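The next part holds the structures, each set out as structure tokens.
Here come two complexes built around chain A, the first alongside chain B, the second alongside chain C.
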Partner chain A sequence: MSASQSAVRSRAEAVKVSRTFDWMILFTLFFVVLGGYHIHYMLTGGDWDFWTDWKDRRLWVTVAPIVSITFPAAVQACLWWRYRLPFGAIVSVLGLLLGEWINRYLNFWGWTYFPVNFCFPSNLIPGAIVLDGILLLSGSMTLTAVLGGLAYGLIFYPGNWPIIAPLHVPVEYNGMVMTLADLQGYNYVRTGTPEYIRMVEKGTLRTFGKDVAPVSAFFSGFVSIIIYFLWHFFGRWFASTKFISGENI
Partner chain B sequence: MKIIKDKVAKLSFVALLITITAAMFYTPTASAHGEKSQAAFMRMRTIHWFDLNWSKEEVPVNDTMTISGKFYVFQGWPETVDKPEVAFLNVGIPGAVFIRQGSWIGGQLVPRSASLELGETYEFKVLLKARRPGDWHVHAMMNVQGGGPIIGPGKWTTITGSMKDFVNPVTTLTGDTVDLETYNLSNTYFWHGLWYLIGLAWLGYWIRKPLFIPRSIAVESGKAASLITSTDKKVGIAFTAGTIALVAWALAATNEKFPVTTPLQAGLLRNMKTFELPARTISVKVEDATYRVPGRAMQMTLTITNNGDSAVRLGEFNTAGVRFLDPAVYEDQSNYPDDLLAEEGLTVSDNSPLKPGQSRTVQVTASDAAWEVYRLADLIYDPDSRFAGLLFFSDESGNRQMVTVDAPLIPTFI
Partner chain C sequence: MAATTESVKADAAEAPLLNKRNLILGSLLYIIFYGWVRWYEGVYGWSAGLDSFAPEFETYWMNFLYIEMVLEIVTASVLWGYIWKTRDRKVLSITPREELRRHFTHWVWLVCYAWAIYYGASYFTEQDGTWHQTIVRDTDFTPSHIIEFYLSYPIYIITGVSSFLYAKTRLPTYQQGLPLQYLVSVIGPFMILPNVGLNEWGHTFWFMEELFVAPLHYGFVFFGWAALGVLGVVNIEVGALSKLLKKDLA
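Moving on to the complex of A and B:
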């Protein structure tokens, strides 16, 4: 076979090879993103995502979207720019959550016996679908950054509230008021995580009464816009083939 | 020659595999908390734990035990460690093998961090409920912000039974009693499962079509616009709007189901009640102190003055949780951990009763293998070569009086 000859002999065979490539690339993409995104999110979101007694209405709401919009933005940039595929955000978040759940179930529960109802991950899927949807409908990465980034920050808390609300029911415990989530953190001993490390309800956002979460979510959305832009450029840079330019590319 | 090289390479590879496999079978139990590796000066000059009591050595699942005692926040707190202005009373256990049902300092519940004062003594108690069967090393522990965990003495405790039987019932302020061990679990699985399926459906819609190669060719040839059909857009609208609608509906339904919720609780507890020790009537001046490395013994020259109204004798030197006793004066009845107790580890050159008003200079030697085992001998490598500890004197009625010592320590190597 000479270099100019095709590796396939028919259209059917070409389609088959193409689909095989699709699955191979998708499989690889899924698990590479899972690994990279998981490490990134554990290092930046960390305890806010690990424990229910960190999932507050100020810092968790602010931090989690900002640090989690990164990989979705980068993968979206690559998949949209190169293939017009609007599933970069969801493939990233599905990968992350699969990794998170494996980690929480096998390590946090299976290895160290923290109950799963104390250490489940945050739900990022609604934001990812909206991000992909806006990209598909607008066809614009700028609009996706602005509208999608804002929506990603805004939808995070309401998207998680059905899961965490039952843990915010108050209890009276030995003369003090705590939420059930606080009590989980107190009951289930974390030797290496003393209470003062917990960054919750800190800050100067005191002029909105009890309605802090929407303000935090807006702030998170604004910063998510900036982070989206930044990581979108990372994605484009990684998706470039200039590193391997040559006659045969 | 090549054959020999190949054989060597092959055998080396086999040897490597055997080594890795053998290493896998060597899995010693990690059974402590690194307390011995913490810098000796940290353990000697920060929190001094004493009068400790572990209420049980064997506990069935769901049963409770307590660790109680006192701790003295050392006046000569090292400059290299942040002061305990934000500190958290913890327990050193391997994960949630117990749950912490309560912890108190001076009778006040301390689920949050507390501010401690240097030079003060506090009484504490931690109530633990057994959860996971096994033999566990249970330590008293104080986490200090900027200082790290300061681990106290630990004792082996056995939990019997089965973890399947463990329950953690809690009654909320809305009147419901829930088992915190499993509460909200099915709700969590439901919402995560539902959203994951929705996410997979969105992904599935796209991956059922040819993906990378044909789409890349189309984009490269300027036909990118043709890749998104009107059906794609309709599906996109359905998923986006459906997501927003589902989130809004779930939010409203949740608020209706849980009308009473409160934010997470946080804050620092101040003005903790201190423990009032009896008025101190004994004064001790450290004339000099040396640590003799080969003999694993610390020698102090102390000038002791008794200003009280009863004769006293030195019965114990306690540092970093290791207790050196003079059995002629004091014997431990608290079932203190053996490895931390040198029952005959304290010798005093003249330990006859020191009468009221008298002063005496004595040579005190605290010797035991614990210096080495607990790596307290490493004190000589610390940046601030000082030792510290608690001396306990007993009077004629058996009352004990605590006196702190804190002085430079000179190592001797011969």
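Moving on to the complex of A and C:
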């Protein structure tokens, strides 16, 4: 091609072409990240995210932030560090939540008839806003990892509290004290129910709240810091534009 | 004046930079086809998909599996063969405008890849979770698997490889070698399909309760990460488009 030739007829056309590509790129990025993030999240923290009786005060609070901070960190590593776009975390989380809500409604409810108030997804938006906000204000990957990662873990339970609180009130059923979410689970027995009882409903500090949730949130925030660092560098690698020789493969 | 008129005529006769018709039809193809698939699941999942030893299971689900496998192999062969066979052998000598047009066509492919990945990795994979929590599995070819593993995964593989082949055979940007992250974003999700072998082997060998976060599923997670290779593809494309448009946007 000749360097002197132009690909467009006018500046106006150049602007139009540029904007059109912006939309096509954003659409593709959104849905491909959605797909990768969703399969990652559903297979590392999915069971806690699927059902209200798995949304306990200890393991849900611990697991969900740790496994969900991954893709936001990686996408930030590309969108902020290359383009100064401060929405890497929120665009990832919105993608994940869109995929989850469509699924919970059309498939969990629409195909297998679990009521939506039993299988709605966790809310990850507050943590994503905090991550993007800290990165925007500080421009620092380290500060975003340390402060943002910790905040991401800490804010998860309060961010979900207004939704889950009504289902964590104690009820007595057949002489047993349990939460309303537990009662939902007993009425909708699933093939994973025995595993749920073994994994979730145990522990010396099992209570209706009190100290367990904050301790779990701090632990989750601590691990989220490490995971953020790790996935930031994953993101940088995935964002590389390297070409390799065909002879090497 | 005459020269201007000629130029306008040439522009009018020229193919548009972005073929919107292909973009819309490509997107509708996935949406309508998968809408029909979801309808089929809703009707025949419950009425014929609960017992793999029943004759109706063979009729409505195993036949679906056989037909889709044949169609996928034929589609992949024809599509990939066509893209390769019609490749541009003088790709480095095309005009900048033609290059821009091909970038648009490439992005139509990538938008289709986005639809395919969404339906495969998100929609039908999580759907499989709720099916397994409801139905005791008595076969590797349960209805949700026939759709998820053997339909939606091959479709995104076919779309992704087509997109890669288009870029490699028609765009000057991709003539300097093999773009690593493009390979990652296409081959990684492709590897999820062979990983089904591990998954089904494990489910056959161990009597397990249905747990989506079971370590047996971590192979899917690892290869799902490869979708992030799209970040590298976006960066390569932005670099190429910047070169094409830079002086006009300055």
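In this section, the second predicted complex is superposed on the first by the 223 of 249 C-alpha atoms of A that agree within 3 Å, B and C clash if a C-alpha of one lies under 4 Å from a C-alpha of the other, contacts with A are read in each partner's own complex, and residues count from 1 in each chain.
FYI, contacts are C-beta pairs under 8 Å (C-beta built on N, C-alpha and C of every residue); 3 or more make two chains touch, one makes a residue touch a chain.
Please read all numbers here as calculations on a predicted model, not as lab measurements.
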Have a look at where A:F87 lands relative to chain B and chain C in the superposition and call it first, second, both or neither.
first
Which partner does A:L43 reach: the first (chain B), the second (chain C), both, or neither?
second
Figure out whether A:V8 sits in contact with chain B (first) or chain C (second), or with both, or with neither.
second
Does the superposition put A:Y186 against chain B (first), chain C (second), both, or neither?
first
Where does A:V215 make contact in the superposed view: on chain B (first), on chain C (second), on both, or on neither?
neither
Going by the contact rule set out at the top, does A:L230 touch chain B (first), chain C (second), both, or neither?
neither
So in the superposed three-chain picture, is A:R19 touching just chain B, just chain C, both, or none of them (first/second/both/neither)?
first
Identify the partner contact of A:E195: answer first if only chain B is touched, second if only chain C is, both if each is, neither if none is.
both
Touching A:V33, do we find chain B (first), chain C (second), both, or neither?
second
Note: overlapping chain A surface for chain B and chain C spans 15, 18, 21, 25, 82, 112, 114, 190-192, 194-195
In the complex formed with chain B, which residues of chain A make contact?
15, 18-19, 21-22, 25-26, 53, 55-57, 82-87, 90-91, 93-94, 97, 101, 112-117, 120-121, 123, 125-126, 128-130, 132-134, 136-137, 139, 155, 158-159, 161-163, 165-184, 186-192, 194-196, 198, 200-202, 210, 212
How about chain C: which of its residues touch chain A in the complex?
11, 17-18, 38, 41-42, 45, 92-97, 99-100, 103-104, 107, 110-111, 113-115, 117-118, 120-123, 125-127, 129-136, 172, 176-181, 183-185, 209-213, 217-218, 220-221, 224-232, 234-239, 241, 244-245, 247-249
Would you pull the chain B residues touching chain A in the complex into a rising list?
33, 86-88, 90-102, 109, 111-113, 131-132, 141, 143, 145, 149, 163, 168, 170-174, 176, 178, 180-185, 187-188, 191-192, 195-196, 198-200, 202-203, 206-207, 210-216, 218-219, 224, 227-228, 232-233, 236-237, 239-240, 243-244, 246-248, 250-251, 253-255, 257-258, 260-266, 268
Chain C-facing residues of chain A, complex
1-2, 5-11, 13-15, 17-18, 20-21, 24-25, 27-40, 42-48, 50, 71, 74-75, 78, 82, 99-100, 102-103, 106-108, 110-112, 114, 119, 190-195, 234-235, 238-246, 249
